[in-house]
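Below you will find the structure I want to go over with you.
Letters A, B, C and D mark the chains in the order given here, with residues in each chain numbered from 1 onward.
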Amino acid sequence: MDLTTYIKGLKLRNPTILAAGILGSSASSIKRVIRGGAGAIVTKSIGVVPRDGHKGPVMIKTEHGFLNAMGLANPSYHEFKRELKESKGEVPIVASIFGGNAEEFKEVALGLIEANPDAFELNVSCPHAEGYGADIGEDPNAVENITRAVKKAVNVPVWVKLSPLTNIVKIGLAAQRGGADAVVAINTIPAMAIDTESCFPVLGNTVGGLSGAAIKPVALKCVYDLYSMLKIDIIGVGGISSWKDAIEFIMAGASAIEIGSAVYEDIRIFRHISEGISRYLQNKGFELEDIRGVAVK
Amino acid sequence: MIPMDAEITHIVNETPSIRTFFFDFSLEHIPGQYVMVWIRGVDEVPMSLSYPNAITVQKIGEATSKLFKMVKGDSFGIRGPFGNGFSLEGRSILLVVGGVGAAPLGALADRAKSDGLRVETILGAKRADELLFEKRFKEAGDLLITTDDGSLGHKGLATDLVGEIDLTKYDAIYSCGPEEMMFRVLNVVEGIGMSSRAQFSLQRYVKCGLGICGACCIDPYGLRICRDGPIFRGDQLTETEFGRYMRDASGKRVKI
Amino acid sequence: MDLTTYIKGLKLRNPTILAAGILGSSASSIKRVIRGGAGAIVTKSIGVVPRDGHKGPVMIKTEHGFLNAMGLANPSYHEFKRELKESKGEVPIVASIFGGNAEEFKEVALGLIEANPDAFELNVSCPHAEGYGADIGEDPNAVENITRAVKKAVNVPVWVKLSPLTNIVKIGLAAQRGGADAVVAINTIPAMAIDTESCFPVLGNTVGGLSGAAIKPVALKCVYDLYSMLKIDIIGVGGISSWKDAIEFIMAGASAIEIGSAVYEDIRIFRHISEGISRYLQNKGFELEDIRGVAVK
Amino acid sequence: MIPMDAEITHIVNETPSIRTFFFDFSLEHIPGQYVMVWIRGVDEVPMSLSYPNAITVQKIGEATSKLFKMVKGDSFGIRGPFGNGFSLEGRSILLVVGGVGAAPLGALADRAKSDGLRVETILGAKRADELLFEKRFKEAGDLLITTDDGSLGHKGLATDLVGEIDLTKYDAIYSCGPEEMMFRVLNVVEGIGMSSRAQFSLQRYVKCGLGICGACCIDPYGLRICRDGPIFRGDQLTETEFGRYMRDASGKRVKI
């Protein structure tokens, strides 16, 4: 079954993409995910200066998902250029970047451009790093300006990653106005856990983001809403761990899907999900295109 | 999982810089597996299980210093056990141990002894008073000691001895200690074609412990210390970053 | 162990409260929940005119929670007065009400007042009824005005139920300005599911709200944030199904907690949770008051 | 659970207004349990399982009419089975059946027969051609027929016969049909102190099917049709709303 997927300006061998911040911090881990079947890679979010990230615990597995507050740990674009270069080859590599304002986003994008990323994903939605991510992503003007600034600076596709804790369609439209080629929904949902034995919040950063199976129905609704209102491609992410999940997102209008927490089960999840999608399409006698947005009545 | 509450029942001052913290429950585990130790309000750090109910810790920085201030009755959080652990193979094994690397290998020695294996240990430390689990390794089999300053046993490095003895008589070799030390062991076993019979316990920045965040991956195959390791066979480590560089908390490469 | 709980103007025998829309539609079901140990009851949300609610499926159990789009089915305040009267007695009964604007909220509140509810809970956060609930609850001015209007009209405590899909602190502050005696967080999170066999969204209303265990870490974070910024009582709700969950919410600052979906396991969940809280406090040598907000550093 | 996809394999026109829809899998269930049937794009409605792989449906309104337009190969969604089901008791039982109430009781008759019980059925309908599962009940034991218009069997109501026969000879009595009918049966068995030996299958607005939303609760004890029922013993129903009123989709009381 042919799963070739086109997202404005990019051609993917299949619609499964590694989500930002998951095993995407070095060329070696990226290549391992490519061997695991991913159709494209989004790197860890990269910024202007190195960040060690938050104190631990930075991530725990809960009964229904995962909580994390990594804190945008990254070695800065200066250092990451090398990883990006070494990653290039088999599948499109999308550089996730963040900054405190349009200038910083532009600086990081331009800083990485010599490593030839195939696209950029703008992280305006990380819920647990003050002054970054969702703090910016709540403001439609900021999102529009940042998108426009990066779009002007580079000549590869630009995706904008959205937070669920806003009027997501409003922010998605802002990204579209700014020239985004696609939006990615969703980042983790702000969340926390408390240890009743010690009375301490469990995450080192106190609060963090919820990912994994728990958030799937929420992410799906975001994709559904965005697909109804936006013209550009929607990339779905949040709790996808099976081919059925992936198909739900495609039926809600996703052009492709990203997989994050589910690498916990198996790094080859990308291959498994692609195979599952193929089997499903074959059984039903559908092409991938036939089911895109089909649940949006 | 929310970290389990581990209450300290007993503290053993092993060396001037190393203590064993026993806590109020036991974890079924394979020697070599680690737990994430949550020093509340400070940080969470990986520690090998030195006993089913204990970790043995060297005072290094923030989290370990806070731990060293704790007394009986205080508690910390524990997630785990995580990772693969050592695989005990054959009948006669050699342990090459440096410093606090004795934590997982002490547990392995106990297990090997109770399984009836022949255990020989080369135990190294800076000074005589920094030797960890000396008695424990002796009880498990033969023990050779090295100290950097010669204050006990052979003066020099554990790896000096490794170069001298006939390794082919062992079915398996296990090593944990400073990476320079383990790297030398790797070079020796590689030289005699035994790298697949040697197992190393690696230390890298471990953050999530779940195999998701990518912090602990080693080049060029992307093996994750936290999930695929922390124990690797020598043949998995040749031509990798091992012994050459590692990454700091930000993901930046730093020379070893 | 004494679990007596005070929420401005109300005294509860324990801090467990039945959440709105759960078995709260008739005096008989309310009494059954009271026998199950609840410290107080919130009724089904009541409006101006009868509503049949959405077409089915109106609710499904998912692997990690529940999805529902009941559609604010209710027989109107005219009809519901009788149920409210018959429910009164053993524990405080809080009438949940909704409307399209301040006038309607006021009409429903005044309409029910002769049945002597012990308090009102204003539903400005239902995610799946157009023109009601969260459509209003996104706008701080609307929330402030509605709260003030009801507060002026009645002389019992007024609670405001918040949606997680907004800047919840902003809306909480608006409720506080409007005179609310407490805020309740959170209502369900907008979500959906798609049947990959038929390509149909599963809920009759297409989209609905996620409740149950999946949303607990999100609700907890909302309570935590509100407690840090508001002066009035916070009532926590969302995914609570064990005494440990309840204690997490109290440690995050909740004065009391509401339980919804977890009645699925056992209607006596209120008793079980109270007993669990008692045991915990006894073991630790704490009073209930000692742990309130203790995780907020 | 996401509703299962049930593909129609076979449709039986039972009466002018009632059809049985067989689907492509069987559900392990207790007779009396129901499923939520999702007519996509229309509504989801409760239906008793009349066979492990079938529902038997009377055309009433929107959802049932849409179902009647379906043909072999079409499909609907199914959640369930839900509810408690009948409890088979004793050796000799009586079924009092009205109209489409034969759906769950047909399944019960099959089970009772295969369990070796003596089954007697009073089967009522408006007209002879509206009698449902006549052959099925006959095969299970003795059958008495009543029709409102006298077109077959006794002219009148099933409950007329219930008043005439000696009920004490049955170990248990099972009834499903219009609520007025079941209410009369309840009054008769109550009169002779047998209400705890009679079981009734109730119909109320069932929305969530999970016992959460409260739509289906009956006064004054708050018993939920969808979870605690749909089968109740007579002694659970005396002095309740049963036979008096029920609630519509909005929760408003409506007289029966």
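Keep in mind that, in the parts below, a residue touches a chain if its C-beta (ideal position, glycine included) is under 8 Å from a C-beta of that chain, and two chains touch if they have at least 3 such contacts.
Predicted model, so just to flag it, every value in this text is computed and none were measured.
Enquirer: Without counting subunit C, go through the other chains and collect them into connected pieces.
Expert: Leave subunit C aside; others group as A, B | D.
Enquirer: Compare the CA centroid of subunit B with every other chain's and tell me the farthest one.
Expert: Result for the farthest chain: D.
Enquirer: So the centre of each chain is just the mean of its C-alpha atoms; given that, what is the distance between subunit A and subunit D in Å?
Expert: Roughly 51 Å separates the two chain centres.
Enquirer: Would you kindly tell me how far, in whole Å, the mean C-alpha position of subunit C lies from that of subunit A?
Expert: Centre separation, subunit A to subunit C: 33 Å.
Enquirer: Quick check: how many Å separate the C-alpha centres of subunit C and subunit D?
Expert: Between these chains, centre-to-centre, one finds 36 Å.
Enquirer: Can you check how far apart subunit B and subunit D are, centre to centre, with Cα atoms defining each centre and the answer in Å?
Expert: Measuring from centre to centre gives 68 Å for this pair.
Enquirer: Of all residues in subunit B, which are in touch with two or more distinct other chains?
Expert: none
Enquirer: What are the residues of subunit C that contact at least two other chains?
Expert: Where subunit C meets two or more other chains at a single residue, that happens at 62, 193, 200.
Enquirer: Once you draw an edge for every pair of touching chains, what topology comes out, line, ring, star, complete or other?
Expert: Shape of the chain contacts: a line, open at both ends.
Enquirer: Could you run through all the chain pairs that touch each other?
Expert: A-B, A-C, C-D
Enquirer: Applying the document's contact rule, which stretches of subunit D touch subunit C when the two form their complex?
Expert: Those residues of subunit D that touch subunit C are 1-3, 5, 36, 38, 40-45, 75, 77, 79, 207-215, 217-222, 224, 247-253.
Enquirer: Can you list the residues on subunit A that touch subunit C in the complex?
Expert: 62-65, 67, 138, 164-165, 167, 189-194, 196, 199-201, 206-207, 210, 213-215, 217-218, 220-221, 224, 244, 247-248, 251-252, 280, 291, 294-295, 297
Enquirer: For subunit C, which residues are in contact with subunit D within the complex?
Expert: 21-33, 44, 50-53, 55-62, 66, 68, 70, 73-76, 79-80, 193, 195, 197-198, 200, 202, 204, 260-261, 263-264
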